[in-house]
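Shown next, in structure tokens, is the structure this report addresses.
The letters A, B and C name the chains in turn, as written, and every chain counts its residues from 1.
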């Protein structure tokens, strides 16, 4: 007669069986969902957007992480700030739109007025004892990693973000995120727990059956695929792929576009993985014809065939950097069985739609792939919420990064509960 | 500050007052709803459909009992299987439609492939240590009672189902359910607790005021109606009715259509009641003009006037078998205050719509009656959920079977909690 | 892993910090919402409607207070009754429409029949042992305060309602509510906790920025506005206002329309405040041009310029009485974050729409003001439910009555929990 699972969360965390999905309450229980928000999304660096979201002074974007309504602003000096989107007087949400451009943040309720850094500048009728300095907006840690914006709600954020940032900066910097514009954004609500969205992203075992558009350019071998050594066709394919990777990477490294896969997806607090992979069909970009979608190449790119720089972060993002465009994904939990997948397509800031790129061609592959993945996540949620569910085994050959994600999650939950 | 009722479920069960409705939490409390799913729907034989739902090898139907998503299949040998609709790999729901016809069950996520009996036949990339025999779909007990399909989610189902089956088979068999087809199905969502749907079904005190279509053919006396001995009009009507029953039943028994009411709705674990009753207006069938809706008679029927064989099972079904068609009702709980009433109209498998029967004429009486009952259930739920509700008394003359249903429920809950 | 706040309700009540908003759970927690329904709405006099809602014998109105479905009737002798809208037999809601006119109350399920006073008059088939006198509808305390109808769900209602009634009757009586008709009603659902709706109503600090229509006629000084003595413009405005009040009130008192502000919004169980204020722009009524909306003046009114008699009650109503019309507001909680604001516009019962008044002109100011307030309440709810929320300070100059409302609430909760 209560929603509390019969088994406590610490016990569920402790008894997690390696190599398998989590037990059902991790995907369905409202209490564990709140623990996820608190211990995972409340204590780690969360990817929320990109610098082009707030390109100019006075630009403001809003984002919700669980019940935290967050404002991210660029001030007149170009600095980025993050703070709670809650007036310190009578609690009104200050900015209700996704983006805005303002001189100051004026509360719609009683006109309390804050600077872009959150300082309270003006409040009427508050009497002599009132100290504006004690009533600024509550700040949140924010970092730009070469144009990718991460926030951390904890008082003391994980320190190893700096290690990750140092390691991945050389890979990302040449694509110059800050010199991009957002050509398109799609918010897709998936009917599943956020961890199922992440698990789905971390393997390509399902690609062949489900992603006709994506598999035009993508190699499944690029996603931790261990070849079955008893299958000669697979072994030969794999050998060709490995040779291609070696050739391509050497060339990219010489051109200033690092490629070697690095990272640590399960032991680090700020778990990540980055690496550049070649494309199938001698491809240039993740489009239906594998040719670049945008004529204006990004940053320091001088040739179209730069492969796919794939960057994954725990707990909530992945990104594909190509010569001509970037696709960036943020996973934001909405409920135990609802997740927002926010996808942004970035092109060079000077690229003109209809001239330099065709929008439909730019977004088609990942728009369709996301819809396909969303359906799969919904099917998995339906099953995990069913009476007959028992955690199944991950493939040792193709689902190693899924296992790493779950390992990371379990370690971070254990640490949070300790 | 919590949803847990002040009084515990075992205490509420123990203090149930005979002859009255249940206390409010039985109709409204989410915790008791979960206990209903566990102790009633998880441990008893639940009616879910009819053999014509899966007439041919490869036919599959899906049904949900609480959070149990269930597959029911007919294999190539004609055998019926029931299993959980959850892939053993990554939990995806295997079949998302209500019905399907397949050679094998292929998971849409990673193409794990199962036979119609649930055995895992194929799974890629799982390595040498993987044993398919340990990863078949989880089975559920299933039985066909002369074409009516019941499942039981418990490991050890109630044994007295066999007693019921033996007793009722001679009544049902002559109608030959397996030689029928489903002419129509309506899923009606009632805004009330499933027990209110059942209580509503178990009396006809409300018929005169609410069911103009149904009362054309139905006698209220057939539903446990005890006549007020002080009302001479009623006594006379009742005497006529009893005489008619005696005459009709003798004839039906001779013709091989048993009629005597038998059953036990409260003491048996697999509680039931069956009996054949004559119809008003010298009627043949539950239609608006009381004439048969279908020219092709069912099974061994050679005459149209076979009355109404009414079969009730605890906790979730009732059925009307007539000479020309069958109407079959399954009650499936969706939430504390939402219930699915699934109604199927069956006619002879060779009957042709528009030639042998007019669909509107076939379904009209019960479609309208269900809508009327659904509204009444909604009104009762609204009242039971209201602050001023106190359990009212059942009529000793007309609501005896309601009391039997509630007695059965209380006994089974007490047994489950013990 | 549970919805129960870490801090208990009694502790949250005890530690409430004066001069500030409440802590977040008071606006968001489902358990505290239920406590509000029990201890506040279940134990105090709640405003639900006006006598013109049930002008004639046989008139019935329904209203919901939390999960209490309530019938209010006028019997053939003109007496007003309130009772639970639940049949004593099988729990059916008796009346499902907002209003009805009936001779008797007949249950739609089995035709149990009650008088307008709730007595059970008829029930079929119930046997000899059944006593109708024990099965009347359950009664609720009801009072008409000069035409304003209040109910109390408690067995023993707060006794000081009589003190309030005695004090305010001379103010309200001359407007003769019972001789009015309801020209219009709007039910607005606000996406916020009911206390935020009340807090919003109890100050006009937000009016200048948000209510262009209302501020045409209303003075912010009329709502507990303390002038900043260091601001000479404000001091002068205030002095003019005070002089105007003195002049107007003397005249109104002589004419039999009392004006002096009286009441006690925080110490009394039946907290209230009443007082008559002049209007801006030499106004007559709360319309866009500040002229009367209805040519037929109310009750004993002989002149149009009678100001605005403003009557506030804890926990859930406010009213504006003018020479030509009355606007009456009831706040009814629907959920932790949803509140019904029911607004009725009353004019003289003989006034004819299109002749004596233009409906759009009558309702425009408060219809727009309510929508504006509803949006503000929604913003405050969004903020109070956000992670970064901390209770902010009330203005000592303009939000004194908000503080009084919260003080009253905390005292009544403390008393209820004791």
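Everything below uses one rule, namely that a contact is a pair of C-beta atoms (placed from the backbone, for glycine too) under 8 Å apart; a residue touches a chain by one contact, two chains touch by 3 or more.
Not measured: the values here are computed from a predicted model.
Taken chain by chain, the contacts link every pair, so each chain touches all the others. Looking at which positions face the partner, chain A and chain B present mostly different ones, since fewer than half of the interface numbers are shared. In whole angstrom, the spacing between the mean C-alpha positions of chain A and chain B is 48. Shared contact sites, meaning residues of chain A that touch two or more other chains, fall at 2-3. Contact residues on chain B toward chain A in their complex (touch as defined above): 2-5, 8-9, 29-32, 34-35, 42, 66-69, 83-93, 96, 108-111, 124-127, 129-130, 135, 137-138, 140, 153. The touching residues of chain C, when paired with chain A in their complex, are 1-3, 21, 199, 205-206, 209-210, 228, 376, 379-380, 382-390, 392-393, 395-398.
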